[in-house]
């Protein structure tokens, strides 16, 4: 408990969290502070490239762990199963239509790469190592949740929602391709490759993350301001309960696989986090009748800040305690 | 005098001034060189965040000076008083309408954060320290001048120019919020926080400033090309005289407050500089009849280059001489 | 031969080439991965500024070589002559109309600055020095080819294609101005200037180059996907043969001038490379009837990847062998 | 395909006035509009361009608003109250729309 | 100057649907269009803005398509098949064009 | 609200030709216009998109020009002289404007 509190305190007062808070505050106060779309997209490309590359280098450096393949499979299964749990939970807690519930469920099965990035920086700040291939697990967890959520709807007798175009869009969406691609580049070029671009992808990383979180705070704050009415208390509660449920499943998976302390924590983080880049796009195509205000506000306005501030310290502390790490 | 000349020479041949000159030259020669709006805005966000953060860290490091509160108050007073002087001076020197004169006056009461940034980099290049909270003084000086200039107009019997929306826009404009926000983040996280993001906000700072000044040179050059006709000789002269008047007031203020040599120099720089980010927007809303070519050309095309090249070395040399720093 | 192979292997597995390959692969697989236009332009401005500045600093550091002026003249001549050769070659190899052939020829006389940048990074990776003023030669080679190609057309009895506006646009296009301008800034400020902005223009350079090549891969891949049909086998072959012809001329020039090993390699690279920034714009204005799919696909989709992967190692190896460097 | 008569109003206005315009439109009961970027232009107050600008004062946007013919007067009154003292240009064109029930 | 009658169709549609729309237009034999960015807007599903967005799900674009009057039905059928279940708005206006041989 | 008849001319033209077009318009006495970005499109010369482009040769813009009906011929002549040999499309529509004294 002490460890959780101290980790949470350090975490809450870190530049990245404070930058996020600044963004939320500015948006709620209706300041005109804003970051151009192109700059925000540029930063997200930078972060994906850097995190993928570093993951690949770490695999090149430490060799392939026997559990790599198992972890990937576990990630796919988690991503596919979590929406079913989320959907069931929403039936109990919320008052959402089947369509809205399925759309929300898809987001919670998938992952938020910024949450993952923030967690790795807490881990490395605490000197806890993790498997480099966890970034590949993150990529593997992006898409299955979408298929799972669409199955929930079509199973309910609804017409076909999926076609080949959509399937390709989901599997080859930009963030998956960039994450996996830079992971392989890092793996192939290894520490020599890293040495060449370290001053670009390692040193300024935390700083870029600050500005990116400032932007996410601005977007989340604007969303909360305009859409705060759409969430009932039950749905709001889901935004905090579901990450804890997901984290528990992630914990069990990590312990079963026997990955490192950091690996367990990251399994928890990935399972706890909710997508806000890839899944919303797929939902607009496949479930256009679902209300985007609900899933975006829940994912970006509730669950993301929760994970960022309290979730990550909890997951890291629990993982440390249970693995003796 | 010698010191001024040598400082001016070093200054004139620094990469940042030469980058500005390159931009002006390219625009005057009608080259199609241009920096995308989103990239320019991204760089300005970076500079504001970095300068605010470093100011906050410096306060965290050196403790709060007893004069902090006094300096803030002095900044607010300076910003409110300078437009009155500018307005009076314009009545004498120029042939502008009351509206145009008031709009110009608002710009000269407020501040140019890039001029401030350029001055801090001259100071640190000369090994002169300044109070970290001067960045908060800069933020405090952004808005009062606008209210002061609008009072000049409404006092003249004109209809109401100010409403709550505009007041909020002025007080919470993006650059104030980002500067103050990152100042507090820097203050809270202190040197530990700085250590995490130093490679982002400290090391590449000068380089980003070069490209930003290249862009400002391009914009200033384009403005001079298309609007050079709008400025009468009297108004042009105002663009050089007013900074010197402002700097004198800033000097007196700094000496009275007893701040450091660098602090005095920065008070001069802030008083001498003219806004070109926040104030133009407020003027378009409140004084739409005032001609933007006049205030933009004067602020960005005349006063900014003057301060950048000659003003800053003069202010730093005078501050050094009079404080014995 | 061994050296070529080993250089090619190192080169092919470097982060920058793999990033380009990732971009091509993503585009061919129709992923929605894309880099915003503003970010791509921002990166190209960064690269031009950095490469120009470093070239200037190197001249300031090593003094002006007696061959500087000769090299500039040689560059201008090469750029003017290469289109004539390209045009003749296209008459033999291709089935293009005179207009299309002239437009393509203009591209091959001019240069690709990214290919130049990639080559300098291979050189510095191999510890081979080159003249800093080669960046000025690169700038000098941008424009003459355009005039030469237009002469080919007007000579053929076609109406006037050139006016003063177009001439100014060609001579003062953004990349020439930025390259030459930053070259002079680097020259004037020298190693002291470099020290101030090294953390911006040197350390992160390779990393930015990776993301820029990722973008070029995406654009090249999209072009290949939509325009692969427009190139006949003869024209395709031209895209590989012409760089080798150009490189041979560049080699002869470099050897004649007696520049360093790196200088010879860079003369080869410049002559071998084909423009895709400045020349396409001039062609749209002057030869609007020429099909842009042909010259863009050939330059960016065929010659650029060829030079990047195989060309550069070959040129460097040949230059080393023949200069004993 | 069945279409319905409507009016397409395009308002080119300074970016700093955008929220005031859309607020006035909302108050007038007009709830649907789209905002398009404008890169530059020229008019009686000279030429301008967005290139490299960081000042928040520069630049215009185009607000497009498709309305039922009977709403046009309320919309124009609202728009006029905002553009009155400001630079900007308001055009109204006839058009047909699909799915009129959406307006 | 000689001009010819034509129809100008403007379709404001979600960005994620853009390629589906233009594919449908191509299939219907319509081969000329331009895509314009939209910065933000408001409608029955609330207000939105592109500012700072990284999600691929947000945002609309405007597809502009100038067609000969006799092609308008094929175009509207194609457009309707895509926007039917999605948010979006289709307007059709009369216009004149130069160089009609280009369509 | 009082409105006046006007013409709304929209010219989609290559970005490299923009300054030539607006220069020609100025010479023809047309002084008001706005330039809008175009993200991509398709036509007889194939499809294109602005994504990730650094080449200055690619891409089109849309120039919008509202004129009094009696100015339309001068404007079209000016526009035609520039687009004649280039790709691009010129549409003319009827519209009403507020504040006609501004034109």
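Order as written gives the chain letters A, B, C, D, E and F; numbering starts at 1 within each chain.
The definition used in the following text is that contacts are C-beta pairs under 8 Å (C-beta built on N, C-alpha and C of every residue); 3 or more make two chains touch, one makes a residue touch a chain.
Quick caveat: nothing in here was measured; it's all calculated off a predicted structure.
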If a chain touches subunit A and subunit B alike, it appears here: C
In terms of CA centroids, furthest away from subunit E sits chain B
Measuring between mean CA coordinates, which chain is farthest from subunit C? D
Cα centroid separation between subunit B and subunit F, in whole Å? 38
Could you tell me the distance, in whole angstrom, between the mean C-alpha positions of subunit E and subunit F? 18
Counting in whole Å, what is the centre-to-centre distance of subunit B and subunit E, each centre being its mean C-alpha position? 45
In subunit B, the residues touching two or more other chains are 32, 34-39, 41-42, 173-174, 199, 203-204
Residues of subunit E that contact two or more other chains, please. 36-37, 56, 93-94
Could you please write down every pair of chains that are in touch? A-B, A-C, A-E, B-C, B-D, C-F, D-E, D-F, E-F
Can you list the subunit D residues touching subunit F in their complex? 10, 12, 36-44, 60, 62, 73, 76-77, 79-80, 83, 89-94
In their complex, what parts of subunit A are in touch with subunit B? 13-15, 18-19, 22, 25-26, 29-39, 42, 199, 203-208, 210-211, 214
Note: in the complex, subunit A contacts subunit E through residues 34-37, 40-41, 44, 165, 173-174, 215, 218-219, 222, 226-227, 276-285, 288-289, 291-293, 296
Using the touch definition up top, name the residues of subunit C that touch subunit B in the complex. 36-39, 41-42, 45-46, 49, 53, 168-169, 172-174, 177-178, 181-182, 184-185, 188-189, 193, 196-197, 199-201, 203-204
Help me check something: in the complex, which residues belonging to subunit E touch subunit F? 1, 3, 6, 8, 22, 26, 31-37, 61, 64, 66, 93-99, 102
